[in-house]
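Both of the next two complexes hold chain A, though its partner changes from chain B to chain C.
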Partner chain A sequence: MLNDTLEFGVTSRNLPALGTEPYRGQQPWGMLVQQTAISGGTLVLTGNTASWVLDAAKKLEALGKLPAGWDSYGGLPLDSNAKMLTVSVLGWLGRNDLPVPAVVLGSAGTVQLEWRAKGKELEVELGKDNAVEFVKVYPNGDVEEGEEKANLPQRLRGLTRWLLYD
Partner chain B sequence: MPDPLPEFECPPLNEVVIGVQFEPLKEFHAAHLGLYWSQIRHRYPFTEEQPPLAPQVEPPEVTARVPAISFQSGAFIPRSWFLDATKNELIQLQNDRFLRNWRQIEGTEAYPRFPLLIKRFEEEWESFLVFLNDQGLGRPSVNQCELIYINHLEPGSGWNDYSELEKVFTTLRTPGGSGFLPAPELLNWESRYKLPEERGRLHVQLQPVFRARDFKLILSFNLTARGSPEKNTEDEIFAWFHLAHEWVVKGFDQLTEPTMHQLWNKKQC
Partner chain C sequence: MPRQDDPTLSGEIALLRRIPPWADRVTWDEHGRPAASSQNFKDKDEELSVFIEVEATVEGVQAGHPGFGLVRFSAQQVRTVCGPTIIICRDPLDPGPLGHVLICGRITGSMRQKLKGLAQWVEGRWPARLDPISGQPIL
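And then the complex of A and B:
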């Protein structure tokens, strides 16, 4: 899952003040929902938006400018579904105090977000089929992989809870 | 003869929403969403399901808002989107809302202009009324109308960062280097204006957004007119929309700078 990717700035700075922002606002709907009459396609940034979201958006903005073949091996530009899913993920997790993720572009046009905290690492790959593949790396080096296709907001919050608190 | 409205050949419009809210149709069930789709599917071949929108009413006097928890009795009825083949246009339907959106998908689509969009809304609304009548659901009692214009302002088009917003807006001047404060990290701005004769309000909102289609950090400049028609008749409903359109367009014109108007090819009257 993690092969053929372009690292775009690894950082684990801005480690969170743990426990300050519990996981609130459970989203009962699975995917890409709109709570307003506007049909969407944007993530609104407010005074409550965590700094890591803004930093991640800036990294993604730079990634979004890469043309096809960016990796010299025919790497595809970002897939439109992957873009929409990525923006949704930032929205679902935007009130949680996560570190700034490393943002990585996969050669299939997917987006990877990688967080590191408390000796653990969480990588999620956001693909064109609206599925999320994840890798959890434990402090002792054990690796757990999986895929989520439903209830993504809750599943992703569960993964970040593992990273920050478990 | 009223003043002609300002007209821009290349406005930064990304989305327009025209919609009505009505008293909930008591006998409207989820199955009716499918039945309605079967009648328009040849024109709107795609569908998506969304959570229902909460009722929204523009009061004559705004009172303090308190957090509210709403409980729904009875079965849950979602909001359905019915999208045309291009996905640029869609109808949104739930048991107390009927909306029609035009939006950009690629970012290059030309704005079809208000006269065409309001005509299409009127045709679809009348067709929906026929559907309701055929199903024995009665005529909806419209209590609110809404017109929303979403403009996307991209850095590099007349401005570069938050320190240069006075180049875009007539009412905004942000710090930017020469004074004590740096340029803002984020910026949100809201204002509201009363429509004449208590016919509602125009809400203006500026907010930073991260756009999915091209991963760009931009500003969304939203103008929302909301209010109630004087009577629940087609004439009054569409008279309200024309008033709302006038306020949205003249408001946009007055709140933005002439130098930006040149970029958007404002027509000389």
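And then the complex of A and C:
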């Protein structure tokens, strides 16, 4: 269940409880205006958080309600680690002015975020380990794919910069 | 038992795949047209289920799956896009679902993008349009 609560001010007790321990402490900071508790993680919304983040979080929560076999081909329910990684990603990208992404459930319970902007597409798949697979589709139809395993916050911000500016 | 490629599954043989109406597997453009996510062409076990249209029929593939959409692509398109990294074979279960075929092997992100671009909606078989958060139909 999505539970929105309003809180003001930031203290140490507001530290987000995210599932990807290595990245704890890399959240955007500022005045905390809303803390959204998603089962399996906490997303901290500050005054600088873009509006798309809450919409994406609600979509993510909806994915968690789908049972095994949801795709008619034996698809697995949302994986808890993929969900927590997605919550982390929303936090890392929360200051970027992105469109609302499609939040797509994979058949292995993974999550794929999909953005379209300026004739480009960016797909980011978040799996059971802390690795991220991405696909970039250029306006001319060229496709580039890759995988990121380290420095995920910086790498993901780089991918979204490509989508919006490059 | 290892899967073996069936070279008769090639050419213009039409293959069908169901598309779920939920989980953001479909997005809708400003003209109200659906677009299937590339995730519809990925399977957790790297055995993507499809159905031979002339054997399974459109109605048969959709039976029992209300709200699901249906896309069509050819066996040759799969072979051209994926190359030798995949094999196409019939479901070894006996008796398996009628016309059930498996595309076995790793379908990479760029391959999925190409398949997404090649797959066509079967006439009159768009998925139901649902709100991605509430799951309620959008009229």
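What we mean here is this: the second predicted complex is superposed on the first by the 125 of 166 C-alpha atoms of A that agree within 3 Å, B and C clash if a C-alpha of one lies under 4 Å from a C-alpha of the other, contacts with A are read in each partner's own complex, and residues count from 1 in each chain.
Note that in this section a contact is a pair of C-beta atoms (placed from the backbone, for glycine too) under 8 Å apart; a residue touches a chain by one contact, two chains touch by 3 or more.
Keep in mind that this is a model prediction, so the values were computed, not measured.
Look at A:Leu63: by the touch rule set out above, it reaches both chain B and chain C.
Of the two partner chains, chain B is the only one that A:Met84 touches; chain C does not reach it. In the superposition on chain A, contact is made by A:Gly47 with chain B only, not with chain C.
Across the superposed pair, chain B and chain C both touch chain A at residues 58, 61, 63. Across the interface of their complex, chain C is touched by residues 55, 58-59, 61-63, 65-66, 70-76, 102-109, 112, 114, 123, 125, 133-135, 137, 143-145 of chain A. Chain A meets chain B in the complex at residues 28-29, 33-39, 41-47, 49, 54, 57-58, 60-61, 63-64, 78, 80, 83-84, 86-87, 90. Listing the residues of chain B that touch chain A in their complex gives 15, 17, 19, 50-51, 53, 81, 90, 92, 97, 99, 101, 103, 146, 148, 150, 185-186, 188, 207-217, 220, 222. Residues of chain C touching chain A in their complex: 18, 20, 22-25, 27, 37-39, 42-44, 49, 65, 68, 108-110, 112-114, 132-135.
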